[in-house]
Amino acid sequence: MKNQKLIDALNNCITHCNYCADACLDTENIKMMVDCIRTDRACAEICAATVKLLAMNSPFAKEMVEKCHKICTQCADECEKHDHQHCKNCAEACRTCAEACKAYLA
Amino acid sequence: MKNQKLIDALNNCITHCNYCADACLDTENIKMMVDCIRTDRACAEICAATVKLLAMNSPFAKEMVEKCHKICTQCADECEKHDHQHCKNCAEACRTCAEACKAYLA
Amino acid sequence: MKNQKLIDALNNCITHCNYCADACLDTENIKMMVDCIRTDRACAEICAATVKLLAMNSPFAKEMVEKCHKICTQCADECEKHDHQHCKNCAEACRTCAEACKAYLA
Amino acid sequence: MKNQKLIDALNNCITHCNYCADACLDTENIKMMVDCIRTDRACAEICAATVKLLAMNSPFAKEMVEKCHKICTQCADECEKHDHQHCKNCAEACRTCAEACKAYLA
């Protein structure tokens, strides 16, 4: 599959964002996690639309990968502020995905 | 609901794009409809991600509405080339949605 | 559009579930809203897949409408436990959608 | 990540279904591929909703995995009727996913 590496990175990012957004709801101090939950949600949605467009070879994929690069970077920055393991894992998945987006756009 | 008019326009656009992409498969001369099917699909995906971000009041909604404006305009242009009733209806839904995006962005 | 009433009810339900899940994050006592957020999220995802299948006239739409009826009913039950206006609105949207599912399945 | 194997199988299935549905539009005899395109589309949507519910640990995930098992099996059966490489690859991805669903449900 063309763009397999980026597709894998996006799927991994989506899974971790959806997982992290949910796991944050079980943390002691939820109020501190609200921005993390929101960024996770937005990141998951934008990456999910993009991975479909990539699989379809849509001419719109490139513009969406630019958006993914931006939201994945923001989401990694946000998740890195927290010590929960799910946040750390999500930050890593988002960072890897942002790099895969950058490589695709180069 | 805030932005209800844009949300309604996006939902109507998504429904018509998904319907049109499917109905095109039943037309006599499918080969002529391939670009229409593809634009419909991309338009539906981008609008679907956007309508979720709008409902969530995400700061990323605005950038996505810009993308919707662009793809809805392209999709309306493509659908208007065809005489099928589903294409005409889809073109109208996309044009109305593009206008709602423009009003939101103003 | 065929099934327009059900499609409208599903779209309205999706919007309210996504909005309610987000608005719950701004409430004073978030811990009390965790089940509501989770049910909203699941309801929005299942209804979003279903509305696409309905627009496509997929033979799988019917089975998914059965799932929607179930999750919309659960989500309405959960949202009705809370006094926030967004929960009340969401409960109403879910209840109306559950009824539209039932009418479709009849 | 819990259920990682099923999540990977679902993501791979979604990608191949979206790719196959699009690649079928470039084949010589599109009319023969209409059922394949439609089953691909339905399979991708149902699996996409499910993979989100799994990542969220939703109590609704299990019921949706049952639906995935069914549609993945149908989609594999349909794709296996065709000699295009993208159909063969999609059939394999759907078959593997159906098996992963079965293992999860066991």
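In order of appearance the chains are A, B, C and D, and numbering begins at 1 in each one.
In the analysis below, contacts are C-beta pairs under 8 Å (C-beta built on N, C-alpha and C of every residue); 3 or more make two chains touch, one makes a residue touch a chain.
In UniProt terms the chains read A, B, C, D = Four-helix bundle copper-binding protein.
This one's a predicted model, so the numbers in the text were calculated from it and none came from an experiment.
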Query: Counting C-beta pairs in contact, does A-B beat A-C or the other way around?
result: A-B
- prompt: Just how far, in Å, is the C-alpha centre of chain C from the one of chain A?
  reply: 25
- request: Name the residues of chain B that each touch 2 or more other chains.
  value: 22, 38, 41, 48, 52, 56
Query: Looking only at which chains touch which, which shape fits best: line, ring, star, complete or other?
result: complete
- prompt: Which bits of chain C are touching chain D when the two form their complex?
  reply: 38, 41-42, 45-46, 48-49, 52-53, 56, 58-60, 63-64, 67, 71
Task: Would you pull the chain A residues touching chain C in the complex into a rising list?
output: 22, 25-26, 30-31, 34, 37-38, 41
Task: Write out the stretch or stretches of chain D touching chain A in their complex.
output: 1, 7, 11, 14-16, 18-19, 21-22, 44, 48, 51-52, 55-57, 89
